[in-house]
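Have a look at this one.
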Amino acid sequence: MKIGIVDTTFSRIDMGKIAIDELKNYAGIRYARKTVPGIKDIPVEAKKLIEEQECDIVITLGWVGKTEKDMLSYLALSIGKIMAELMTSRHIVDVTVHEDEAEDEKALLAIAEDRIRKHVRNAVDLIRDPDRLVKEAGKGKRQGFEDAGQIVR
Amino acid sequence: MKIGIVDTTFSRIDMGKIAIDELKNYAGIRYARKTVPGIKDIPVEAKKLIEEQECDIVITLGWVGKTEKDMLSYLALSIGKIMAELMTSRHIVDVTVHEDEAEDEKALLAIAEDRIRKHVRNAVDLIRDPDRLVKEAGKGKRQGFEDAGQIVR
Amino acid sequence: MKIGIVDTTFSRIDMGKIAIDELKNYAGIRYARKTVPGIKDIPVEAKKLIEEQECDIVITLGWVGKTEKDMLSYLALSIGKIMAELMTSRHIVDVTVHEDEAEDEKALLAIAEDRIRKHVRNAVDLIRDPDRLVKEAGKGKRQGFEDAGQIVR
Amino acid sequence: MKIGIVDTTFSRIDMGKIAIDELKNYAGIRYARKTVPGIKDIPVEAKKLIEEQECDIVITLGWVGKTEKDMLSYLALSIGKIMAELMTSRHIVDVTVHEDEAEDEKALLAIAEDRIRKHVRNAVDLIRDPDRLVKEAGKGKRQGFEDAGQIVR
Amino acid sequence: MKIGIVDTTFSRIDMGKIAIDELKNYAGIRYARKTVPGIKDIPVEAKKLIEEQECDIVITLGWVGKTEKDMLSYLALSIGKIMAELMTSRHIVDVTVHEDEAEDEKALLAIAEDRIRKHVRNAVDLIRDPDRLVKEAGKGKRQGFEDAGQIVR
């Protein structure tokens, strides 16, 4: 098994480093890391990791600004990520941090770290233990924040 | 015949469980269930169920938050769901619950349950009895709410 | 020649019935009719009619609600309809009625009926008499309303 | 060399006629003209002209209304036009007139005519003299209005 | 190695010239330059440079106006750029300047120049020295403005 990791130079946090750290803690799986300038460069890099580096899954790590242009770029990234998945029939787990999720830099860092670590586990489980995710279905899991939890009847 | 079911860990309701329950009530059809982290992970999982697990149709179960980012993710899901259908020439019946459809958790649960059960029947009919749907054409059917009904001349 | 017709159970008007009636009045062309739950299910059904039922063209009949979510679904439908066309190199004539086009149910019905009948003729002409459309180029034709007409110098 | 022209019956100006007139003035190149109902029908017609009529390039002529629905249709057209180009590796030069660009019908007509004529020349040059466009790079060329001009240091 | 450069006649700055100048300073790599009318014409030209001119990567240089229509065109460009990348498995580094990024023409020129030069280096490194980008991961690099910098714990 091999996992691809794509992050950006645009990000204000070394997201790839956190992902690799979590990957080592959670699973002894080989990885390939690539860095691209910004989020719109991510989908093709993920596809290349699957096709050229034989990755079974890719974790993409994006950082999104606050403007309307940034939101449209996020939409293009999201559509492109899904198209890359459909063209390869492989999952690409997208971790995105939006600068407007917190005012405080420390808070942004905490959101990013929690989100990355949880999604690295999700990605590992998708290829190694997909039944773990079925057990978590509908539990209101959140990445970057506390879980919202399941609605009880 | 075989039906695929995809839900998420993000959802605050175990949507897959409700779908399976309805599937057993309405039709003795085999199914395969998968759970992914969030709605943007759904389209490729639906395509994999069709291609790798020989599902004739897939029911996808999504839960969408209230922010602008969530709406853009919903749009990406919708475009991706349609692309997955076009690439496989199979239907993927998308059941989405938006958190802003009700303030009350109980109300959200009722919307979700009604929507899931009705769309499971729609999915079964699409592959087993498509003429039942033709008989319901233009009847203002709603899932999650009461039917709007047909406009009478 | 054969025409496909796709409508929905979501619609509050039996749009397929009107289309078939107009098709019989305007042209003795064979047709295949399918009904799906909602507008996001339309593109793949149109593609299946072209590929599996040998339709030369498809008329799709959609009904769109008033919310932001409905507008995003309309956008996904529109992109999906165009992708289905590009993948098959066949026209899919999309007839969409938006609930906010009129407050009054009778007015909505009148809009729908006029729009469907005119677009059925457009679809027939696209495969049987495309030069009729060239003669109407730039005439400000409207479906559902009176023609806007050509701007005169 | 052969140029495809696609316009619509929705347009309030016979845009195809203006394009053909300019094409005759500017270049003795063969053309094929098609008319479709509205802008969402344009991309597949452009693809068909390239594939079935051996056009080297296509000029598409669209007219867009003022509502939010019209803007979403414009977006679907734009994405579809680009997808048709990517699937054929041919340029499709899109000329779009938006009804809200001017209040006055005469002004709209002037915008449309100027935009069409300039883009017909662009399309011809793209296949016959692409270096002419390189010479105009960064010159702030506008179609439908006066050129914005180059920013001088 | 060979780099493609695509710019537009719409741009108010000769963006291609700046890109070529930086390319000569930074790397003695062959290039092919093409100019198209506007941003929606960019994706297919980039794909043609990869397929027909054997470019290993393409730098696209777009200029975007201030209206809602311009923002939708930017979205179509962004989605199209990503689709062209996915179809070719090659990077296309998109440099976009939005007219509303500065009021002053001189300021716009400064933004454009800085953004182009930095992204030319990014493009060169993506094909010649991708590890340089990994070293810059998470450093808050910005093009057109000063770097935002890395968030320190």
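Letters are used for the chains, namely A, B, C, D and E, taken in the order the chains are written, and counting of residues starts over at 1 for each.
Going forward, a residue touches a chain if its C-beta (ideal position, glycine included) is under 8 Å from a C-beta of that chain, and two chains touch if they have at least 3 such contacts.
Just so it is clear, the model here is predicted, and its values are computed rather than measured.
Novice: Please identify each chain that touches subunit C as well as subunit D.
Specialist: The shared contacts of subunit C and subunit D amount to nothing, since no chain touches both.
Novice: Going only through chains that touch each other, what is the minimum step count from subunit B to subunit E?
Specialist: Tracing touching chains, the least step count from subunit B to subunit E comes to 2.
Novice: If you apply the touch rule, which chains end up adjacent to both subunit A and subunit D?
Specialist: A chain counts here if it touches both subunit A and subunit D, which gives E.
Novice: Between subunit A and subunit C, what distance separates the C-alpha centroids? Give it in angstrom.
Specialist: 40
Novice: Counting only Cα atoms for the centres, state how far subunit D is from subunit E in Å.
Specialist: For subunit D versus subunit E, the centre distance works out to 25 Å.
Novice: If a residue has to touch 2 or more other chains to count, which residues of subunit C qualify?
Specialist: 75, 79, 83
Novice: List the residues on subunit E that touch subunit D in their complex, please.
Specialist: 7-17, 33-37, 40-41, 43-45, 47-48, 51-52, 68-69, 72-73, 75-77, 79-80, 83-84, 87, 105-106, 108-109
Novice: What residues on subunit A touch subunit B, complex-wise?
Specialist: Subunit A reaches subunit B through residues 71, 74-75, 78-79, 81-83, 85-86, 89-94, 98, 119, 122, 126, 130, 133-134, 136-143, 148-151, 153.
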